[in-house]
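In what follows, chain A forms one complex with chain B and a second complex with chain C.
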Partner chain A sequence: MKKFAPFIILTILAVIPLTGLSTYMLHILILVIMWSAIGMSWNLLGGYCGQVSFGHAAYFGVGAYTAGILYSKLGLSPWWGVPLSIVVVSVFSLVLGFIVLRLRGPFFALATLASGEVMRITTENLVDLTGGAMGILIQKRTWVDKTWYFYIILLIAASTFILVRKLMESKLGYYFVAIREDQDAAESLGINTTLYKTLALCISGVLTGIAGAFYTNYMGYIDPHVAFALHDISIITIMIVMVGGVATYWGPFVGALIMVLLAEVIRSMPGLGTAHQTLFGVLLIVIIIFLPNGIVGDYKKLKRLLGFRRAST
Partner chain B sequence: MSMLQVKGVSMFFGGLAAISDVSFDIKTGEIVGLIGPNGAGKTTMFNVVNGFYHPSKGEVFFMDKKISGLKPHQICKLGIARTFQVVKPLQRMSVFDNVMASAFLRVKTRAQAVEISHETINFTGLHDDTDVISKSLPLGKRKKLEIARALATQPELLLLDESFAGLNPSELDESIEIIRKIKARGITIMIIEHHMKVIMSISDSIVVLNYGEKIAEGAPHEIGHNPLVVEAYLGEAQSA
Partner chain C sequence: MTSVQIEVFLQTLIAGLLLGGLYALIGLGMTLIMGVMKIINLAHGELMMVGMYIAYWMFVLFNIDPYLSVFIATPALFFLGIAIQKFLVNPVLKVESILPENQVILTVGIGMVLANLATVFFKSDYRSTPVAYATNAFYLSDFWETSPIELSLSVPWTVSFVFAVVITITLWFFLAKTDTGKSIRATAQDLEAAFLMGVNVKLMRVITFGIGAGLVGAAGCLFLPIYYLFPSLGGQFTLIAFVITILGGLGSTIGAIIGGLVLGVFESMTATYIGMGWAPVGRFVIFVVCLIFLPGGVASLLKRKKFGK
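After this line comes the complex of A and B, so read on.
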C-alpha cells in the first residue's frame, strides 16, 4: 500500500481539475505544488546533504529571469526558459558553489543568504538586460485557463519527486547523508566531499530554477523583489521543509500544503490579514519545539500529542 | 616490500613541533604498533598519513607512490582507511547505512554495495545491530562500527586509532580476534594503542614516539627493555 502512495496521490491530483474547481482553488493548488517542488529541491541540499541554504531565491530568480529575458530580449516563448534554465542555473550554481561551499555550517548559511541578496541588487541594476525594478511583463499569457498550468507544474513536481527519490536510493544519496552527518568522517571514507556537495547544490539549484521559470510563465510578471525575495522565497522555502519534515520525501508537499493554505486563510481574516507573517513565525517556533523533525518526520509523536495514543496502540 | 614509508616527516602547528623528523617503514602484511605517552603525536601522525594534514616537512609514500599532499578521499581511494579515536559514526544513519556509505567507494551498483556491507558487518560481529541507528550504539559497538566502515572501503592498509580504548575485557578479546582475522586477510595494520598487553601480543613491530620524536623502533620484546621507552613512560631512574 505504502509503495503505491505516490501514484495514488498523483492520480488524485491529476483528476482534481476535472472536477470543475473554481479558478481560485486551482490557483492555490498550483502554488501548493510549485512550493512542494521548490521544497523538495531545497531538501536535497539542506535536508539530506546538510548544507542549509538561506538563499534559494538566487536559483529561483535566475530560473525566472532566464525565462523572462528570453521573452523580453529575444522574443521567444518564455516556456523555453524551462529547459534553458537547466543550463543557465547549472553554470550559475557551479560558480556560486565554488565560493559558498568552502564554508561550513552557519558561515555557509550566511554566504547563501548574501548570495540571494547580491543577485537581487545585481538584477535591479542591470537595467538593460533585466529591465531593472520595472521587471519583465509577459504581454500575452499562453492560456487564460489555469488547467494546463496545473498539469505542467504537476509534471515538474512529480519529476522532482522521482528524481530526488532515485538519487537518495543511489550511491549519491548515501554520500549526501554521510556528508551531513560528519564531513571529516565522510572525507576519510573516500568521499570527495567538495565534489558531492557541489553536485547536491547544482541539482538542488537547477530544480529550483525550473520552478522559477515556470513561475514567470504562470504569473506573467517578475521583478527583482518578487523573484529574489529573501522572505517570500528563501525563508518560506525553509519554513515549508521545516514544517513538513526535513529529509523526508513527503515533508515538502505536506509543508507546502499547510503553509499555502494557512497563508490564504489568515490573509482572508479581517483584522488578522497583515499579521500572517507573525503567525508563521509562531508556527515555526511551535514546530521546532514540539516536532523538530516536522510533521512527516515526527508523525507518530504528533499523533500522540493530539491524543490518538489509544487509537494507535 | 614496504607498504608505507614515512620519510623525515615534521608537522608544525605555529611554533609547536607536533612531530619532528620521524621516519619509519611498514612492511606488507605486518601489524605495526604506534605507541607513546599522551601528546606524543600519534594521532597527528595518522592525520598526516591519512591526508588530513599536509606535513610541514618530509614525505609519505604508499606503495612507492607519494601520498603526502593528497586529499583524504584520494588517499582512501588508493587503499588507506582509518578509524577515529573519538568515534565519528554517521549518527542518524543505521549501522548498515554507515557501512553502505563507505562500500560504494569500490563498486558502482547498489546490489554490490549491499553484499559488501553484509559481509563486513558479519565479519565484525555487528549483525545483530544492522538496523540500529548508530547514535544509540554503546561505545564498544561504535568502535567496531568504525572498523567495519573502514574495512568496507577494502583497504590495503588500515590505520586503527585506539580501537580498544574503553572496551570491557570480553569486548577486548573480540576486538583482538577481529584484528587477527583482518591480518589473515592480508591487510596491513597500523595501530595506536595504550593497552600494553594488547599491543605487545599482536604487533609484529612497534614504533615509539615521545614529544613528537621517534625514540625507538623494533620487535615488541626489544621495545619492552629499551631504557628510553621505559624512561618516557615511567620517568628517569633516580640514582642514589
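After this line comes the complex of A and C, so read on.
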C-alpha cells in the first residue's frame, strides 16, 4: 500500500481539475504544488545533505529572471526559460557553491542568506538588463484558464519528487546523509565532500530555478522584491520543510499544504493580514521546540502529544 | 589629485570611520554571542530595531534625547536578550533533531516576530527623530582659518562615535578585568574546561546573550539621530554584523572593532566612488574576498604577528 502512495496521490491530483473546481481553488492548489516542489529541492540540500540554505530565493529568482529576460530582451516565449534555467542556474550555483560551500553550518547559512540579498540588490541596479525595480511584465499570458498551468507544475513537482527519491535511494543519497551526519568522518572514509556538496547544491538550485521559471510564466510579473524575497521565498521555503518534516519525502508537500492554506486563511481574516509573519514566526518557534523533525518526521510524537491531550481533558 | 579630490577623499574617509565605529558596536554583540554560544543570532538586527523604537518613543513621548536613551534601551534589551535565551534558545538546545542549525532557524523566527510586531504596532512608516542638532557640524576652517581644504564633521555622527568608543572601552574593561567577564571569555574559549573550573556556564550563556542584545540596543540608540527608522531595517544590520564578524575573525573582540572600521570605510568609499545602490554589494565582495584569502579574519593576522610566524 505504502509503495503505491505516490501514484495514488498523483492520480488524485491529476483528476482534481476535471471535477470543475473554482479558479481560486485551482490557484491555491498550483501554489501548494509549486511550493512543495521548491521545498523538496531545498530538502535535498538542507535536509539530506545538511547544508541549511537561507538563500534559495537566489536560485528561484535567477530561474524566474531567466524566463523574464528571454521574453523582455529576446522576445521569446517565457516558457523557454524553463529548460534554459537549468543551464543558467547550474552555472550560477557552481559559482556560488565555490564561495559558500567553503563554510560550514551556521556560517554557510548566513553566506547563502547574503547571496540571496546580493542577487536582489544586483538585479535592482542592473536596470538595462532586468528593468530594475520596475520588474518584467509578461504582457500576453499563454492561457487564461489555469488547468494547463496546473498540469505543468504537477509534472515539474512529480519529476522533482522522483528525482529526489531516486537520488536518495542511490549511492549518492548515502553520501549526502554521511556528509550531514559528520563531514569530517565522511571525508576520512574517502567521500569527496566538496564534490558531493556541490552536486547537491547544483541539483537543488536547478530544481528551484525551474520552479522560478514556472512562476514567471504563471504570475506574468516579476520584480526583484518578489523574485528574490528573503521572507516570502527563502524563509518560507525553510518553514515549509521544517513544518512538514526535514529529510522526509512527503514533508515538503505536507508543509506546503499547511503553509499555503494557513497564509490564505490569515489573509482572509480582517485585521490579521498584516500580522501573518508574526503567526508564521510563532509557528516556526513552536515547531522547532516541540516537533524539531516536523509533522511527518515526528508523526509518532505528534500522535502521542495529541493523544495525551485528549486523555487529560 | 586636485585639492577638491583630496577633500572628497578625506571627507569620505572620515564618514567611513565614524560609521565604522558604530558598526563595530553591532559586530561586538554578535561576536560575543557567537563566541560563547557557537550560534549565529539572526535576530540581531531586529534587536537593534527594538532598541531604536525604544529610543524613538522615549524622544516622542518624554522628549528624552536619543543619547540618554542608551541608558534605558541597553538594560531593556539586556533583559529581552536574557528572556530570549532562557525561554526560547535553551529549550531548543536540549531537543534532539536532525539539523543542528535549528537554533539559527529559531532566531530567524524570533526576528520575524519582532519585525512584524513592529509593523503591526507602529506601521511601516519611515521615522526619524528631529533633534535640534541634527544638521550641525564642526568645520575645519573654524579651527584653522588658513586651511587649504575644507572638511566638516557632523555633530550627531561625532557624538555617536564617541559614545560607541566609550561603550567599547567599558566592555573591554568588563571582559578583561571583572570576574564575570573573565568567566565569559573562559566559556568562549573552552566550554567544558570552564565548566570543570567551576564557571557557571549556563549563567554565562544567559548573560552573554543579554550583553550582546544590550550592545546592539545601544547601537540602535546611537544610530537613531543619524539614520531613519522602519520595522524591516533589521535584516540589513544582521548582515552587516555577520560580515564584520567574518572580517574580524570569529569570536574575536578586537577583530570585530577593526572589522567594523574597515567595513565602514569601505562602504563609504563604495557609496562615493561607485554609487549608493552598490554599497550592499560591496559588503558581500568584502565578505567573499575575506573568506577566500583570509578565512581567519583580522584576528588571525594579529595572532601571526604576535607569535612571529
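Things to note:
The working rule: the second predicted complex is superposed on the first by the 307 of 313 C-alpha atoms of A that agree within 3 Å, B and C clash if a C-alpha of one lies under 4 Å from a C-alpha of the other, contacts with A are read in each partner's own complex, and residues count from 1 in each chain.
Criterion: a residue touches a chain if its C-beta (ideal position, glycine included) is under 8 Å from a C-beta of that chain, and two chains touch if they have at least 3 such contacts.
Remember, predicted model here, so these are calculated numbers, not experimental data.
Room for both chain B and chain C is found when the two structures are superposed via chain A, with no clash between them. Judged by the number of chain A residues each one touches, C leads among chain B and chain C. After overlaying the two complexes on the shared chain, residue contacts for A:L163 are found with neither chain B nor chain C. Once the two complexes are overlaid on the shared chain, A:Y174 sits against chain B while remaining clear of chain C.
With both structures placed on the common chain, the touch criterion links A:A14 to neither chain B nor chain C.
Within the superposed three-chain model, A:T274 lies in touch with chain C and out of touch with chain B [touch as defined at top]. When both complexes are overlaid on chain A, the residue A:P292 reaches chain C alone and has no touch with chain B. Chain B and chain C never share a C-alpha pair closer than 7 Å once the two structures are laid over each other. Under the contact criterion defined above, no residue of chain A touches both chain B in one complex and chain C in the other. Listing the residues of chain A that touch chain C in their complex gives 46-47, 50, 52, 54, 99, 102-103, 105-107, 109-111, 113-115, 117-118, 121-122, 124-125, 180, 230-231, 235, 238, 242, 246-247, 274-278, 280-282, 284-285, 288-289, 292-293, 297.
Across the interface of their complex, chain A is touched by residues 39-40, 42, 88, 91-92, 95-102, 104-106, 108-113, 115-117, 119-120, 235-236, 239, 242-243, 246, 275, 277-278, 280-281, 283-284, 287-288, 291-292, 295 of chain C.
Interface residues of chain B, counted against chain A in their complex, comprise 50, 52, 71-74, 76-77, 81-82, 84, 88-93, 97, 100-102, 104-105, 108, 110, 113, 149-150, 153. Interface of chain A with chain B (complex): residues 169-171, 174-175, 177-178, 181-182, 184-193.
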